[in-house]
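Below, chain A partners chain B and then partners chain C, in two separate complexes.
What follows is the complex of A and B.
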């Protein structure tokens, strides 16, 4: 298949998660929703269900306002809105991690707002590096397993987890490879790049891996298009069509990213060794870093963004700041300092999932392009 | 020639009163830290719900950025400090305490008191919110000083699990050993026992004093608690704090016997206040209630700083059970108890723009509290330190509405 045909397929999946969910349910699979930013998807996969990423949507908010004040991020607001409106009906449960304050509160609201889909908490430690942190992560996973067994009627088997870990590590590897391949193919639009990442949340990872491999192979057969101005993106989400199309219109090419819904998902593999596969998975969380929702007094993420941008040849960093996202808002001044120190221009644009008019963002991005 | 007027001078507080003693203890905490710094000792900045037992047992002087930010905001410089942080790139959506504190870390002085000595380390605990982690990470990075964290995760269950106790206990010891190494101070089990007993004694007296709201009329104005609470945050492990809190309890009991109250007008209505005080608008929010005879008799915020436990594990459990670390049902039940114990007739909720965790499930929880207690619930928008996020007119209208519902229920 040609690259464009494959990209069309990714677009179809990314823009129609409802059809994907129906497809899995119709085939007799159970679907478990997974909220941002990290959930132990491998466990859900090993228990035979489809982990289905839910990061909200670009929609108008009505019902969620009964539960949230206006200053909670629009990812959580729209996720709850979709839940209340029945979009996720048929799902067996939702797993919500406790990695920021808005994630803590959505779990509490979910119980009352969407009682038909059981809430399963995943309580992660922030002090995740010491052994006691790893033990607490494992206890959190055991809690998720117990809840999935109880609410969704699924069964856990450590050997099956080993196989799922292989599936997820393979997917991580192919997604990392994809970023490098796309960096050499400016003809692939930022919108298409976004579709590839987004579709990963709505597919079984082995299926997504297969499709991405096909895309990489197809791109290998094709000539690279004319060069564009290379940039790096950073933020929680950067997939709003209104935003991504501006980047394309401006002749900018995302060559690497520090976006939570994109490359941050695939940065860390589960290690090969461990007493049990569940232990290996707990160590994976210990080894995760460089993310605004993971404790790091050294703020290594900020310097890493500057280093990654430099290594990928990005001329500037575009911070796509989700409004009311504390973790990202606290990191931004230090990201700016780190990039300034390396002479890398930074621009920030504030977004939320209710934006309909991106003209202010367009002006900022056009100015950003002009200074690069 | 302009007419000159002399402001009537308030009587200075009686030096034998609890109010005087508590005020002095709160002020002394800053002086003690300044003196320690001058002696060349290492001092820390400490989160309000960090286990005070650790620095107290080690003999480390600490100050509390949240108290400092509240003080700066109450004295009118909150916006100026927030704007300073915003000029550094911090969003104005970030907690205003954090913005004030980050601005202070940059300027190393504030236009109003309290000014505090600069820290050699920071002590962070996130049992009130994860925003604390981000705030303290940035302090640590910007000031180039070590950060110690005790991560107390939000508990989605009603009871604290053994796994959580084990996790928290291990962190306590890691933190203690880390501080010993950094500062050269030594942990003493004997001293810890004394601190634990004193902290328990202070907390028991404080909770008994706040529980005097069960009397009708209440022997105190609930806004007093917001001031006295500073001692519970900064000094609950100190003997003089225990003595002052016991005196406060005695005074409240005495007020009850004598039919007196620090709420100086007729107590027509009794409410619970939910959320952190609007420090920049303290007088306005207080007067809006008092002028209508509404006494804020209780608030979970005050009781949050009373820690009672019997041993080390129980102490870990107590710190896991602070109001912002517990699930909706547990948080609701604690508040329902306060409402019922204190004959509360209405609930006034501060939707605090600075506090996503506190406000994030408040609409659902306050609905449930209202139903369970059969009381009206009214909310207003505000902020703990950024004066720009409060509308006096909205507050007044909402409080008037609450009063009218309470009045009609009384008549019925």
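What follows is the complex of A and C.
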């Protein structure tokens, strides 16, 4: 299959998650929703269900306002809005991690607002590195397993988890490879790049891995298009079509990213060794880093962003700041400082899930391009 | 060589014709911005002012929020790029530009060569913009162009919120009810705009020399309050509202191959 045909397929999946979910349900599989930012998808996969990423949508918010004030993350608000409106009906449960203040409160609201889809909390430790932190993570996973067994009727087997870990590590590797391959193919639009990442949330990872491998092979047989101005993106989410199309209009190419819904998902593999496979998975969380919602007193991610941008040849860093996202807002001044030290221009645009007009963002991005 | 810059803003349309990218040979400013007959009128006026025709123009660049809807040209540039170019033409030593337009505020940092280093734009909010002043002038029933004179006569500026236009409107009505002199209310309103935009500038970093551009630059009350907020003198030119159009005309000249 040609690259464009594969990209069309990714687009179809990324823009029709409901059809994907119906497809899995029709085939007799159970679907478990996984909320941002990190959930132990491997466990859900090992128990025979389809982990289905739910990061909300670009919609008008009405019903969720009964539960949330206006000044809270719109990803969470739109997730609850979709839940209330029945978009996720058919799912066996939703796993919501405790990685930021907004995520901590959505679970309680979900229980009352969407009683048809059981809420399963995944409580992570703030201090994930010490042994007691790893033990806490493992206890959180055991709670998720127990709840999935109880609410969804699934069964856990540690050997099956080992196989799922292999599936997920392979997917991580292919997504990291894809970022490098796409950096050399400016003819692939930022919108298409976004589709590849987004579709990963709506597919079984072994299926997505296969499709991405086909894309990498197809791109290998095609010549690279004319060069564009290379940039790096950073943020929680940067998939709004209105925003991504502006980047394409401005002749900018995302060559690497520090986006939570994109590369941050695939940065860390589960280690090869461990007493049990569940222990290995708990150690994976210990080893995860470089994310605004993962506690790090030294904020090493900020210097890493500057270093990654430099290594990828990005001329600048575009920070796509989700409105009211405290963890990301706290890190922005440090990211700016780190990039300034390396002589890499940075600009920030604020986005939320309710934006319909991107003209101010267009002005900022066009000006940013002029600076680069 | 003649080049035309068209700045289509939210409330006004401005045009400049430059000769050889340097000398202004025509200018126009009409009320009515994006989505009105203002842009067409501004082009007609500037051509008449310069005694030139559309065919004499060897390059046209549109800027401002209405740039992508401009039917005169397919060459567009962001207003920040154009304001930076225009301000640098008038003030070669300027390093910080504060542009307050009808619906937004922007701060631009330049290097010694006039290249943009960084910029910040305000949030989607009328506070700290020309729209804020329009609303307040309307409540006070005085022309917006006279706000600066009123503020200049104030001895005790009133405290007006810089957070929100809607809240500020209520505060102004309360001040009127308390019989606070109009001059003091106006000075408080100007300080409110200046404080909000000065915060934006401080976030970016303020380096001298500092100038203001955009329509609100005409308001001496805001300029004075901005000098107080920043602790810096603010350069002002009567052309400040035309900097965007001037920069667009300069860019058109650069694109036309000088």
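By our rule, the second predicted complex is superposed on the first by the 372 of 372 C-alpha atoms of A that agree within 3 Å, B and C clash if a C-alpha of one lies under 4 Å from a C-alpha of the other, contacts with A are read in each partner's own complex, and residues count from 1 in each chain.
Here, a contact is a pair of C-beta atoms (placed from the backbone, for glycine too) under 8 Å apart; a residue touches a chain by one contact, two chains touch by 3 or more.
Bear in mind that the values here come from a model prediction, so they are computed numbers and not experimental data.
Asker: Would you check which partner chain A:359 touches, where first means chain B only, second means chain C only, and both and neither mean what they say?
Answerer: The answer is second: A:359 touches chain C but not chain B.
Asker: Under the stated touch criterion, which partner chain does A:370 make contact with: chain B (first), chain C (second), both, or neither?
Answerer: In the superposition, A:370 contacts chain C only.
Asker: Going by the contact rule set out at the top, does A:19 touch chain B (first), chain C (second), both, or neither?
Answerer: Neither chain B nor chain C is touched by A:19.
Asker: Looking at A:347, would you say it contacts chain B, chain C, both, or neither? Reply first, second, both or neither.
Answerer: A:347 contacts chain C only, not chain B.
Asker: When both complexes are superposed, which of chain B and chain C contacts more residues belonging to chain A?
Answerer: B
Asker: Where does A:126 make contact in the superposed view: on chain B (first), on chain C (second), on both, or on neither?
Answerer: Only chain B is touched by A:126; chain C is not.
Asker: Quick check for you: in the superposed arrangement, does A:108 touch first (chain B), second (chain C), both or neither?
Answerer: After superposing on A, A:108 lies in contact with chain B but is clear of chain C.
Asker: Using the superposition on A, tell me which residues of chain A are in contact with chain B and, in the other complex, with chain C.
Answerer: On chain A, the overlap between the chain B and chain C contacts is residues 350.
Asker: Which positions of chain A touch chain B when the two form their complex?
Answerer: Answer in residue numbers: 66-69, 71-72, 98-102, 104-109, 111-113, 121, 123-127, 130, 132-133, 135-136, 139, 292-293, 295-299, 321, 323-324, 326-327, 329-334, 336, 348, 350.
Asker: In their shared complex, at which residues does chain B touch chain A?
Answerer: So the residues of chain B in touch with chain A come to 88-91, 93-95, 98, 126, 129-131, 133-138, 140-142, 146-147, 149-151, 153-156, 161, 163-164, 166-167, 170-171, 174, 327-328, 351, 353, 356-357, 359-365.
Asker: Report the residues of chain A in contact with chain C in the complex, numbered from low to high.
Answerer: 345-347, 350, 359-360, 363-364, 366-367, 370-371
Asker: What residues on chain C touch chain A, complex-wise?
Answerer: 65, 77-81, 104, 115-119, 121, 123-124
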